[in-house]
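Labels run A, B and C following the written order; every chain starts at residue 1.
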Amino acid sequence: MADSIYHEMKKEGVSRRDFLKFCGLVAGAIGLEALPPVAGFHDVAAKNEQPLVEWVAQALESKPRLPVIWLEFQDCAGCTEALTRSQSPTLVDLVLNKITVEYHETLSAAAGFQVEGAKQMAMKKYAGQYILVVEGSISTADDGVYCTVGGRSSLDLLKEAAAGAAAIIATGNCSAFGGLPRAKPNPTGALGVAEIITDKPVVNIPGCPAIPEAFTGTLAHFLVFGSLPELDHLLRPKTFYGVTVHDRCLRRPFYEAGKFAASFDDEGARKGWCLYKLGCKGPTTYNACASMKWSGGLSFPIQSGHPCLGCSEPNFWDGGGFYQGQSAPLQRSNLTQVGIAAATGVALGAGVGIANARRRKKPVHSTEPEKKE
Amino acid sequence: MEAQAQIAIDTFLRQTGGYVASQLEACTRCGMCAEACHFYEATGNPEYAPVWKIELLKRAYEQRFTLVGRAKLAIGVDKLITDDELLQFSKIVYEACTMCNKCSMVCPMGIQLGPLIHEVRAGLSAAGMVPQDLMKAVNKQLEEGSPLGMTDEVYESRMEWVADEWEVDLPMDVKGAETLVVFSSIEVMKFPENIAAIAKILHAAGEKWTLSQAGREVVNFGFYEGSEERTVLFLKRIFDAAVQLGVKRIVVTECGHAYDALRWTSYNLMEVPPGIEITHIVGLIGEYLRTGRIKLKEGALDGRTITFHDACKIQRRGGHIEEPRTILGILAPHSFRELSPNREESVCCGGGGGVIAIKEADPVRYAAFELKIQQMQRVGAQTVAMSCSNCRLQFTDCVQHFNLDVKVAGLSQLVADALIEE
Amino acid sequence: MDWNKILEFARGPFFNVALLVFVAGMVYRLVRVVSLGWSPDRVPARGSKAKGVALSFLKGILIWPFIPWVKGTFKRNPIIYLAGGLFHLGLFVVIILGTPHMLVWKSLLGIGWPTLPLPIVDWLAAGAIVAMIILAINRVINPVLKLISGPAEWLNLLFVFLPMVTGYMMTHHLFFRYEVLYSLHMLAVDVMLIWIPVSRISHFMFYFFSKAIHGADFGKRAVTP
């Protein structure tokens, strides 16, 4: 039996006080106190009447580090970059280094057969216990030939790794919903994890990239409670994806007041007015950007002056265009189609109209003027 | 398909060009037109709603000229028009509509319901579905030249009597006269003093005018009936007389629908002889006052509260709205009171459009007149003046029927009585 | 029910088809009516027809919605007038001066315009919804409307009411998630677009005919329309 996390930290010289502080950080990462409730937690907490920090402490004291296997397929590695380039190393770094142990292609110093071998070993050793993290979409067209690692298709690799996973976290829009590769016409047949793996619990942490804290918070949740947080219909944790960007946006008062930036860097934009007219998809985008923000709470796209792209929603690349209004239709009739429609109307109208006009000319058998009373 | 219904439908369709069709399409079934109809307001009968009055026209149009209408007919959601329905609508359209066209002013889409109801009458007339009383009057006009039986002889003798009784010169069939004056038989037979009054005004203005034996009747019962054929027939009598006498102008005396028929409809029904201006006596009097051809005693009628009833076909549909105000402004600057509403928004007397000629319509005609009574009572009118003798007939009959204490006066009479003779 | 997929369909191909059906249908109606022919008016005018037409339209837009200028005719039922006016006012403000709809026009026409703050549009939308309910009730109890109304009139009310009420729910995030409300709204709009050319909702196109005819008929007689 491996050492518990607490014990490992103790070995490294972390004091009890610092450990409890760390537990507080983890509790915060899970986001339970600030954000929507998690199924089951409140009941249990009520029964035991103990604060969340103590829950976390108990878990970290009794459980060993969480094995994590991280696979990348059709991706840009942006989600990994976001995690590792995080401005606040403390939280993310601690979660990744203290709580988990992993096989990660991008981060591994090793390469080729060695790293493949390490992965196979990890999958065997932690069978049934590891968290499989998937980044990037899976190519399914033409037997998945468009994405191969070590000569094997991403489809194969996913199925193999999913077989022994306790749960799967699809991080980033690509692994959740297909992402950029899935944009029309989707030549590689890109799909998200949940559309392929249906016999294992899957959590989607979409975003382009996913907010690092959303990912780490979900990991921490799994560690502490041994289960996945409450998910919405798109398998996203309600903690982080329970409200729209619009509902927490700092520019919302300007939306309500009808003060919009009409173009980039115009007077309104400089005054921080709402970016709805510039194509902001905030109203239909469920994500924690506006509340948790990025780079450790530094900022998020709207705050920095760019409209929300809707990157945590399915098919946002085909969502009408980043600068087209959120309310605009996804498919517009082009001039040719309208022309044909109008021409059809004219032809039909003229046909019926002329037939009607001819009917008008038909003589009427009218009564003779009456000659007597 | 029932025989008469087919005739009616054929007529409706014949009349339905872009003018009719675009307006039938514009209707949103909002029902506001009913609020403007004095017959609906007086009785509360929803069948008097103007939109319902054109229902047959709409059905004929939809069932033949629109795809949706044809489909509904084919699957049985809509039914063909029946002879029975023609009869029902005949009652509504002839007895409970005076063609006053106030409904068009209330319609949010501005639909000209009056003209559309006229098209309904055209279809009913072609199918022979006209109330008996009205048809009797039409036939009388056909055979005797006037619905009130004002034959050649009757006219001649009446005119002689008026000339004698009021000592006024009534030029008859004067070739080369400038103006042909055509009276209505209502004036000749019921309000003969009007003849004398108008003659007096014309003489005072130095008008070169004449009457015509052949063109003696300005009333047009073919127009009431809605028969284009008979409307034109009666109009032709007047135009022929005008051409024959070589006049440059025709003056319609105190009659409303005659002005509508002659001035505003004839050109679209027939070849109207060129170079002949058509005007109404109230417009002519206004012109005389403006150009100083006649002068009136100021304040001649002050002392009794006097009001003016706008005739639908002379004011709202004729445009001679300010002339009566000018006249009464001179005659009763202190005692004149406007009814409310007035001018183009005024309330119809309830007797026009042929209604007063139909006995069965009496109850509803009297009910409608109660609105006028309320209007007059609100301003405390002791005298009510008007420029249409059909209105005058209605007012006179109703004043008697309701035992009212109000004097009914023709505007021309008031003018004639106040002329300053030189 | 995958509401994201339904939304993509309702905003995408369904909207496209609905729009084309709308265009084809309206053009058909227009051409069909116009090709019935227009007899020339040979009556010499006393006043100006053009002035009458101009006044007719101006009164329709500027005065009619705000002042009951026909005196003494609304004793029986001022409600139709007021509710109808409020409905149209709300409708126009929402679909032309409401920001989300302006962006729809912008995507279709290429140009946008300034819009009103949300609270104003919102209150007018609420007013329009209330007005529609009143009009519906009126259509049941008013004797004239009972006589002249058929299934088509009720469908007209329904197919216009649904987009309005789903749009309002969207703005206020009532009861359902955003994708559900947005989907329902778009489905309702698409159905309405298809219904318009086969119903009397197309009156907004024939409005120009009837108002012009009205203005000309009155102007010809030198009477204020």
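As a convention for this text, contacts are C-beta pairs under 8 Å (C-beta built on N, C-alpha and C of every residue); 3 or more make two chains touch, one makes a residue touch a chain.
Quick caveat: nothing in here was measured; it's all calculated off a predicted structure.
The most centrally placed chain, judged by C-alpha centroids, is C. Distance from chain B peaks, on a Cα-centroid basis, for A. Centroid to centroid, with C-alpha atoms defining each point, chain A and chain B lie 76 Å apart.
Look at where the CA atoms of chain B average out and do the same for chain C: the two points lie 37 Å apart.
Centroids built from CA atoms put chain C at 40 Å from chain A. Multi-chain contact residues of chain B (touching two or more other chains) are listed as 16-17, 65.
For chain C, residues touching at least two other chains, in rising order: 29, 32-34, 36-37.
Shared contact sites, meaning residues of chain A that touch two or more other chains, fall at 352, 356, 360. Across the interface of their complex, chain B is touched by residues 352, 356, 359-362, 364-367, 369-373 of chain A. Contacts from chain C toward chain A in the complex involve residues 2-4, 8, 11-13, 15-16, 19-21, 23-37, 99-104, 106-108, 112, 115-120, 173, 178-179, 182, 186. Within the complex formed with chain B, the residues of chain C that make contact are 29, 32-34, 36-39, 41-44, 46-47, 56, 60, 64, 70-77, 80-81, 84, 142-149, 153, 198, 200, 202-203, 206-207, 209-211, 213-215, 217-218, 220-225. For chain B in complex with chain C, the touching residues are 16-19, 21-23, 25-32, 34-36, 40-41, 44, 46-47, 49, 51-52, 55, 65-66, 68, 102, 104-112, 115, 263-268, 272, 315-319, 321, 340-341, 344-345, 347.
The touching residues of chain B, when paired with chain A in their complex, are 7, 10-11, 13-14, 16-17, 64-65, 67, 125-128, 135-136, 138-139, 142-143, 229-230.
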